[in-house]
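Two complexes come next, and they have one chain in common, chain A, joined by chain B in the first and chain C in the second.
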Partner chain A sequence: MSEKIEIGPFHTELEESVYFKLEVDEHRMVEKVEIINGFIHRGMESLVTKKNFMQNLILTERVCSLCSNNHPMTYAMAVEKISGITIPLRAEALRVVADEVKRVASDMFNLSMLTHIAHTHELMKDTMNTREHMQDLKEVIWGNRMDMSSNLLTGTKYDLDDRKVKIILDTLDTVEPKIRDLKERYENDEELKTKTVGVGVLPLEDALEIGVTGPVARGSGINNDVRVMAPYGLYAYRPELQPNVTLSLRKEGDVHARAMARFGDILEAVRIIRDVVADMPEGDTYVDKRPHIPAGEAVVRTEAPRGELIYYLKTDGSQKPVRMRWKVPTFTNWEALKVMILGDKVDNVTMILNSIDPCISCTDR
Partner chain B sequence: MSIEEFNDAIKNKLFGDYELKEDVDHYGNSNSWIVLHDKRDMEVVAKAVKSFKGRCVVATGYLNEMDGTHTVIYHFDINGMIMNAQINTNDKTVISITPILRSADWAERELREMYDVEPVGHPTKDRLFLDYSIAKGVLNEYISLSKIQMGVSDTDVLWSQVNKGVKV
Partner chain C sequence: MSEVVPKLFRINTGSCNGCDVEFMPTILVEKFGVSTLGVEMVEDIKDANIIAITGPLTARSESFLKSAVGKIRHPYVVVGVGTCAVTCGIFRDSYAINGPTDKIVDVNVNVAGCPPRPQSIAEGIAKGIKVLNQVMNGEDIPKTIDTIFKDFSAPESFRGRMDLNPDMCTACRTCETVCPSTAIKITEIAQGHVHNIWHNSCCYCGNCAYFCPTGAIFSTNSFDTVKLQSEKFEDVNSEIIKPSDCSSCGDSYMPPSRGLLGKGYVHDDVKKLDTTICSKCRKEANFKRMYA
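Our next item is the complex of A and B:
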């Protein structure tokens, strides 16, 4: 005897609005899953064609809050590519610092949500408290805890002096041991393991076929990190900065593996930030000339905290894009939910959803 | 994987003419473009991508306002190389590549509801983001905020509901 269960679009265990229609058997195992999206659709891809290139720098930062640095950065890279602009090396370094700081904060937020849903409250509290240091850091350096507004169309808006570098290094000195301790606890906490090991499994074959990216891919043993496969910015100029993805790769493909993959990403991000600020290139932080944006098209991509972010931009020589399209990691990782949820317990659905670190605002646009 | 290898894999299988060019950015990443002139050729390209263990990252569609045709660009990834495959359609249809590359599923469904371009042979008919009351192809035209607030609908469903409650 099957039962129909609906979760969402608004629910205390859902970070954002999404609507699950499930059919479960007498053992409350999910037999059929239907997921309805679009509750946060804002028509942003249409809106950007009504704004000029500078305005779109502001708008893209508001696609989403957790990966708010990646959107304007990737957009700026697309504009720079069409304009034939090579930004100063110092700007490339500053972009990496901002990006990796966001990655740490974003991934730690997801881990906090996992432990919240798993009701392992001590872990949740400690993870959130550790993340708070990164939030404070963002506030001190960039003046905002979420939207850092660090990018310009030809470089970066912010710079680092010795005093700010010391603040960054002091913060990392504080958080790194805490992160290592948390990683150990996540790896071994029996209560968390009981609720996450073997739950929401995404086998390697399905992961490859669906084309998942980011920690979801790494949790199933796939390395398609853009910073490694198609390095951009300072990752291209200084290959030693590229993350050691083997530290994040897991083969289990379950909720626990995806969480541990994020710890690998976080620790590598901390290492990358340290390496960059230890050897900051000298020079300008932006090209001091307003960019001329001719007719053209460009496809660029970066590695956001949740995975691959790709921007397509088409211009016609006017002040507005003809077409701008972006694809966020959740757009592809979402489809994998059907594989993860099917055959699992209905009680695990929201935890499995959280394990892909869904960004519905990004996905719906 | 190089553009020459990719060209070798498709050149004798395509139905129509094509232009292939490689664009390498200043970071050294290959970003290739192929313009196809026969719709059936997107299947050939998709099969080649699959044979190289690639995936469909996403697809971009847009309306060419001058002649009313639509351009569709599939963005594929093959081991770090981006391959952009472009096709024009004047009858608002493309041949779905989702049966070949499952990773194209959402991209094609979005194409359908945002631009009213039908991926013929796509296994799913369900809407992806927009409600069924909203007409297909909403990004084909500019829709004012006031109309959006009425539900971007072909019908007056919202106001008819409001008017029911209005006592004259």
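Our next item is the complex of A and C:
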């Protein structure tokens, strides 16, 4: 006997609107899964062709507010590729700092949502409070808790002086021991482990076949971090900055492994910020406020907090892009959900969804 | 006078998830003060009496929002969280947007911001509770409600409500060009130019301030963006940029700022240029200086 269950689209445990149609057997195990999305479709690809290049700096930020530094950065890299502009090394360094700060905050948010759904209240509270330090940092340096607006077409809008560097380092000094402590607790907390270990397993073979990226891939033992495999920006100039992915790699492929892979990412991000800030290149932060953009095409990829982000941009020499398309990390990770959810308990569905850190606004756009 | 127990439910109608992400710490982190309001999060929309709506209302969500709203029991209060929910903000021109949400439901409180700070969201919820209490007791909803959380502050660097210094502005329309959410509008009238900033459409990105050649438009650190629905179209920063009379021919003209002149006359000492004459007279003066 099978029962049909619907979850969504508006649900307290779903950060964004998705619609699950599930069929479960008498033991409440999922037999069939259908995931319906499109609720967040805002017509982004049409919208970017209506706005000029300067407006798109901000519009791409609003594709998804959790990776809101990666989107404009990748877009700016695509424009720079078309214009043939090499941006100053200092701008590259500033971009990396903004990017890694966002990565820490984004991954921390996902972890706190995991513990929120798992009802491990103490862990959730501590993760959320630790994340607040990063949010405050973003507000002090960039002026907003989510959308930092730090990128410019040929560099960055912001600059770091000694006072700001000190604020960053002080925040990292308070946050890092807390993260290490949290990592220890996530690793050993019995309540969390019973709820997450062995849940939503994505075996290595399936992960390879589907082509998952980011922490989902690292949770299943695949290293395809773009910062290492195809270094861009400052990672290409200074290979020692590239993250040591072995710290994030896990073999188990379950919800717990993906959470621990995120901890690896966070700690590496903290290390990268420290390294960049300690040795800031001198020079300008941008080349030209409003560059000339000729006709051309470009494809650029970067590593967002959720995995590989690819931008395709086509221009015709006018003030607006002709075509802009992007492949977001959740697009591939989404397919893995079907493998993870099938044969698992129906009560775990929202937790498994959360474990791929879904960015539905990126995917639907 | 009876007090109601506020029961909160959040609906995402297609936001970029910024407001939803900020909504969670607002509820879960103690320092934002929502716990002092006695708010309860409910699992089912049928039990809720405060609905927080985020997002610009995509075409796909519209029918689901309608059916969800049909399930809520009266009386209830709707808090629109984020610029998108208030005016669709940056997504307004898209084919996939059917919003803003006040087309479908009666919104009571608007929280502008992109995304709003948790402090603003908490303020919005607090004002929503106040309105709910008034509705329950059959009182009229006031035109404005004073700030409830008075001890929240923002760092100096926070990008809040934009402001304009009309003396510096030369109506060059750079801000209008770079503004992604068409919140800035400059119109020419007989007395000069009117410069309008609609705070409920602004996405607080700071593009205008960054690209402004004269530094006339700037962001303050004010996050006072929680307004009642009746104030939705009135929350506009409006300034008149007055022209001057040319000291040579007497025509009225828009005086250029030193910053703009510096860009035009790269090889000259800007301080020595006469800024009290109109562009026509300046062309003549320059011609004479060079060739006479």
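As a working rule, the second predicted complex is superposed on the first by the 364 of 365 C-alpha atoms of A that agree within 3 Å, B and C clash if a C-alpha of one lies under 4 Å from a C-alpha of the other, contacts with A are read in each partner's own complex, and residues count from 1 in each chain.
Here is the rule we use: a residue touches a chain if its C-beta (ideal position, glycine included) is under 8 Å from a C-beta of that chain, and two chains touch if they have at least 3 such contacts.
Because the structure is predicted, anything quoted here is derived from the model rather than measured.
Student: Scan A:Gly43 for contacts with chain B and chain C and give back first, second, both or neither.
Tutor: The answer is both, since A:Gly43 touches chain B and chain C.
Student: Looking at A:Pro9 after the superposition, I want to know if it touches chain B, chain C, both of them or none. Which is it: first, second, both, neither?
Tutor: The second partner, chain C, only.
Student: Contact-wise, after the overlay, does A:Ala269 reach chain B, chain C, both or neither (first, second, both, neither)?
Tutor: In the superposition, A:Ala269 contacts neither chain B nor chain C.
Student: Let me test your reading of the model: by the given contact rule, A:Leu66 touches which partner, first (chain B), second (chain C), both or neither?
Tutor: second
Student: Regarding the shared-chain residue A:Glu335, is it in contact with chain B (first), chain C (second), both, or neither?
Tutor: Touch status of A:Glu335: first partner only.
Student: Is A:Leu123 touching the first partner chain B, the second partner chain C, both, or neither of them?
Tutor: neither
Student: Check the residue A:Ser149 against both partner chains and state whether it touches chain B (first), chain C (second), both, or neither.
Tutor: second
Student: If you stack the two complexes on chain A, which partner ends up touching A:Glu209: first (chain B), second (chain C), both, or neither?
Tutor: first
Student: Mind telling me which of the two, chain B or chain C, contacts the most residues of chain A?
Tutor: More residues of chain A are touched by C.
Student: What part of chain A is shared between its chain B contacts and its chain C contacts?
Tutor: 38, 41, 43, 46, 50
Student: What does chain B use to touch chain A in their complex?
Tutor: My answer: residues 25-29, 31, 53, 55-58, 60, 62, 73, 75, 77, 79-82, 84, 102-103, 105-107, 114, 127-131, 138-139, 142-143, 148.
Student: Taking the touch rule as given, give the residues of chain A at its contact with chain C in the complex, in rising order.
Tutor: 9-10, 12, 14-17, 38-44, 46-47, 50-52, 54-59, 61-66, 68, 109, 112-113, 116, 124-125, 128-129, 131-132, 135, 139-147, 149, 157, 289-290, 359-361
Student: If we count contacts the way the header does, which residues on chain C are in touch with chain A in the complex?
Tutor: Going through chain C, the ones touching chain A are 9-22, 24-25, 28-29, 31, 41-43, 45, 55-56, 58-61, 64, 68, 90-91, 93-97, 114-115, 117-118, 154-155, 157-159, 177-181, 203-207, 210-211, 219.
Student: Mind listing the chain A positions that touch chain B in their complex?
Tutor: Per the stated touch rule, the residues are 37-38, 41, 43, 45-46, 50, 81, 86, 208-211, 224, 229-233, 236-237, 299-301, 308, 310, 312, 314, 322-323, 325, 327, 331-332, 334-335, 364.
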